[in-house]
């Protein structure tokens, strides 16, 4: 296991560096005069040149990337006019648009995405595994048919359509829930949960479907295994067989998939965030890319990349544990 | 000002749902008695309470040197007082400038190339220290620093030595063309006559900044206030801004700003649909809420017009802005005036107005200058296209121009759904011109790519959608950058798309700039617009109309003709 | 956009599908799959015959009808249900007045076309990389897994906007969108193919083939690919609907198909604010998208169980009902 | 009233009738062996005793009474009460019969608590007790570890412990030792024998291996395609069978004690250069601390026309050696020279043929690989080969799933012959087959060797089969050859203690010898 972790860590570092190079290259090549955008539409060519020099935009690609790496490992100094601002390592530079430290900017946005991701994760795991378990428990009966149809319907709807429908029903018609307006957890937990309920539900409804299918499939597979036959031959009841043995067998692959999905969720559920106006990483990425704000884009891609790579490693570990029975004596 | 960043229509990424809530207690029709001519909730406005501002865009770069505002901006003008400011009265009077920190609109001398201002007495910062002319000089100098870029270009173009000055951090000795003989007076030396300097003095660049308290790019987090409110909290570069009363502000020295609420909570990053939804529901704190950057979209408008109570809570305003088709005469076949005229005849303004949100959000335009007196609006329609275009006349002209079988052209537009240069408007034009035998191919560009392409002399396409707004309500800043030959920029952003360099037009522009009597200047701008219009360098399409909701408890709502929107310094919530 | 692509294993089992005939027999036995197949066929037909159908209705997707919308109220279509009438079977589009039926029908062509092209691309790349990772030595396997990580980690949003900025606008947008979606979604297939290749490699008949003298690429073609067909097809049939949703999501974020080409995603993103003023404008594309994706998912499910003969037998074991056993 | 009474039992799955009118009974404390080839319905009948077919769609006819309970009539609750408490079962494959996620002790405790009101702690104590009783060392600690940390034999002991937990009156053992090595098999059979003597519970032992039956049961019931052929005391049926089927079955069973019957093969031609020569070859898997030497320094030669048997338990490295000889695996170190065309026949009939390709095409594979393009020539050559291995030439276009295990092995052989090899390595080629089919396939191999002068390397774990086929034999243990020589010499008087232990563990067909050999084994194990 130690060997495995070391290799994955090395792999992760490689992936993150590769990501930053890809994004730098893409934006270096992309048209759109960054200096002009950063300076403002009515800047004179002289002013644009000054801004371009100040942001080192004139340097060749490798030099800009070198500055970036230097910032990442040792920190960098920026002139604020009257003094010097030291952005300590890991410094992802300053945003062209708002001169804010990218690290601060992302840390300010992460809680919103995290709350959305974790809340939705819990809901869709419960919903998914629950539906899967129920449909196996009731297999062959009408309820299983209905549940299968609901899960398939869940997979067939984009999140922004489900979100819209929920808003129409729960907010406008029945007015049970307020229109979501993100309140940080630290400020007011009760409001935080109340406002995030709608995004959680709509995200969970869409993402729960694959889990329901997978739970059902792997539970059925486990039920056909020899060891379940053994316990049935020893008089163990159906409920215990399904609840204890079949479910336990199905959990490992499901959690592995869950780890994978939550990793990409940290990449910001762009659609859900835009639909419900949640100031998360996803929306920030869309704005930053549209304003060709390179430092923010690179910073965001690295952070989301980190979570995805972390999730992949965790998913593989869980998968390895799940398949432990294959690697037998 | 090209695309007013302060006032933007509904942003593309927003998804919207509008609710028509049953609505709280209805309030009767307003009467405009008393000094406060604003509409809104009944009863006399009193001091106190918290005004909530719900915005999509954050108050980015909240530094007087960096803000690009029209007349000092809405929220910024609560904190940054300027030499002069916009008149806060309702209607057409609102389009004039009035003194603010200065005692008057400035005394011009030497043929309007030297402007002198004297400061009122008893002007203090939030920390009680006095405001001096040196602070105003330093404030202007700061706006030249590369780190604090973003402001309007006029100071750089008008002040002597402005083009080369690099800001106080690099040129320690400062800008000579601004003199401060004593703590109360400040004198500006311009390199050419500018009758409209008082309008320029309304911009936040003339806000005083004490040199001792300047922290460069960090100043925006807590700028020193000279206005009725001071910054108590500024999170995420303007995403959350809380203003509270500035004890050292004296109402005596400031007739313009009423400043009724005790506290103003400016929240941003909210979806524009959410803003309209909360304003119409108007529950809880949202009853005392307004917005300074989100208009009603067409779909939301459809609901509002159907509900009397809601319709009463909509402020309608006109901001000096024109959307038009721009031609680049250097590109074939648009060098031929007959082709440009043919297109002017073929345009179907009603389908363009629909694409821009319908007749209540856009009014057809036949003149380049906006249809407001302040711009010297002189109606003309050299190439009458009627409501739905005149394809026959257009075909006739095309035959004369040597294109009997019609022609094929490419229209460049932006991909943003901004109801100005958007794909919808481009497709509306495409359909109209098809009737006149002109096949139009569409070229949609991403927003940044679009600005780089159309505002660069080398890459400017022959036929593209454009729009222009007023930095202040006068023909000067509207007309000159687009038609003045000397404002053609070879490398960098050039807004003179027609690349017109007509000595007669240039000379007339200089003449008008000399006038300090703004009314006569306005008439001259109107006449010049009519004359240049004959060359059909642009095809005016429509002027936008801004409609915005405000909360039920909001009183004294004033819509000024300068900004076209509700003035936050007048409203009360008690 | 991360949540639109379901990365779950298809659960397809490498059961030796003995010959083709039982597959069709099992597929026919599943009624739901048959209905779904019919719907999908109908949709493909509609997409192909789009101009013909619009012709029958006498409309086209681009003509403006300003007279059919009430300009003062923000462009709401005149008449009930969004202006449904004899000439306009599904009503007209607010603001522009363009015929909705023609737009939906042409939109089908774009949405289904883009999704199909993207799926094929994903299958090609996925199988290629999966096979290479499965057959290659440890170093190749590691390197390719890391490459997959990079692709999975890159948000589709960045790729889309980066590509749009770089690629000249003359390049046909639907093809570009298909390539973008294709470049992003192949990691699921490559994981499956790699896993199956690893388990197949240890099979005796593969060893026998090597002993007979075949080279490793011939072995890949003769022994591995036929065995990979089942799981890959099953996963592709599930990937296809999710690609439609991704195209809709990209249009929703303003980086998808650009006007005037109609696509369902774009119509959805335009219609989101009109849900109260002109509900049909939103419901029609939403419903169509839902039905298409549902039909494809059900078909995919049917194909999966038909390819995996052990599926039915698993259902019955241990349901423990006494009476059935003694029948 | 006897412990088990089965009368006119019939079981059919879908259209296939697996058991047809079977009747037998078992007295309390008695031991009955049910012997038959695969497909004879022996396991189906055993499962029917616990009503395990309920809900699987199988149709069960006739009456079954176990420990006073009428199984077919019992409702679910009654049936559950019977399973485990009155009658318990031990399945064949220890690999997958335990839940990989729970500790072994917990699983036994779970079964115990199904039938006895007991606290969790008491149940776990009972688990440790029975684990200790079946001879698992340090039972308390091992009860907390999970199944994959147990060896094959240990896991089978744990399953027996689970059966003992509720002190059932009847133990049904379905092929309990088939998946185990011969030495471990002997220990398990001895354990079963001691437990029966101690607890007096009845035993129903289902097996295809006549030897296993001979050693551990009092009476034996021979079954063929769903019907009982013969029943009687083990000493009578196995020594002097009445029915012709039983006689044929016994004849086909290879005896480890008898010398090769047909040794008409050409004498090994040891003049020419050896076809394959391995000098101190090693094969190491994994790296660093976890490196495992599957083959640890083996030297051997194979001459033309000769049959070299390689015998050893699982994990001895015999398969790895086989794959190296053929060239599928490159040795990590040591020299291996091969100047002959070699082919291989594999163990698992299912995985050795590509399911999507007709058997004719599979056989034609080597021909196509060698560049032959002419379809007519290929088809003719394949038809000859199919006939040569005893298959109908028209079956060229039929698919593997339409053939039995034995027939598929014949296709494997035909494919090997297609490449006109000089040496064929048979890796457990007959281990998965029934005794009768096994005999036919080995006879075919011998015939081909004589006719084509082939050299054979016969890898297997069944000492008896190896003795029937080989000229020379090598015994492998943990990657090394512990003994090598003429087959009669090695089997007659083995020198290496491991070989002796192996030979002692092979179950003898004569029940009388059983008790004597069991005592010898105990004393050897103690030494």
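Read from first to last, the chains carry the letters A, B, C and D; within each, the first residue is number 1.
Criterion: a residue touches a chain if its C-beta (ideal position, glycine included) is under 8 Å from a C-beta of that chain, and two chains touch if they have at least 3 such contacts.
For each chain, UniProt lists the protein as follows: A, C = Peptide/nickel transport system permease protein; B = Peptide/nickel transport system substrate-binding protein; D = Peptide/nickel transport system ATP-binding protein.
Keep in mind that what you see is a predicted model, and the values were worked out from it rather than measured.
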{"item": "Most distant chain from chain A, judged by the mean position of its C-alpha atoms", "value": "D"}
{"item": "Chain nearest the global centroid, as defined over all protein CA atoms shown", "value": "A"}
{"item": "Geometric centre distance via CA averages, chain B-chain A, whole Å", "value": "39"}
{"item": "Whole-Å gap between the CA centroids of chain C and chain D", "value": "48"}
{"item": "Inter-chain centre distance, chain B versus chain D - centres from mean C-alpha coordinates, in Å", "value": "89"}
{"item": "Computed distance of Cα centres, chain C from chain B, in Å", "value": "46"}
{"item": "For chain C, residues contacting two or more additional chains", "value": "161, 165, 252-253, 272, 275-276, 316-320"}
{"item": "Sites on chain D at which at least two other chains make contact", "value": "none"}
{"item": "Sites on chain B at which at least two other chains make contact", "value": "13, 15, 17, 446, 448-449"}
{"item": "Overall pattern in which the protein chains touch one another (line/ring/star/complete/other)", "value": "other"}
{"item": "Complex contact set, residues of chain D against chain C", "value": "53-60, 72, 75-76, 323, 326-328, 342-344, 346-348, 350-357, 362, 365-366, 369-370, 399-401, 412, 415, 418-419"}
{"item": "Interfacial residue positions of chain C with respect to chain B in the complex", "value": "62-64, 66, 69-76, 94-97, 161, 164-165, 169, 252-254, 258-260, 269, 272-278"}
{"item": "Complex contacts: residues of chain C adjacent to chain D", "value": "16-19, 203-205, 207-214, 223, 226-227, 316-322, 324-327"}
{"item": "List of chain C residues in touch with chain A within their complex", "value": "1-4, 6-9, 11, 142, 145-146, 149-150, 152-155, 157-158, 161-162, 165-166, 241-242, 245, 248-249, 252-253, 268, 272, 275-276, 282, 286, 289-290, 293-294, 296-298, 301, 310, 313-320"}
{"item": "Parts of chain B lying in touch with chain C, wherever the complex brings them together", "value": "12-13, 15-18, 20, 273, 297-303, 305-306, 348, 350-351, 353-355, 357-361, 388, 415-417, 423-424, 426-428, 430-432, 442-446, 448-449"}
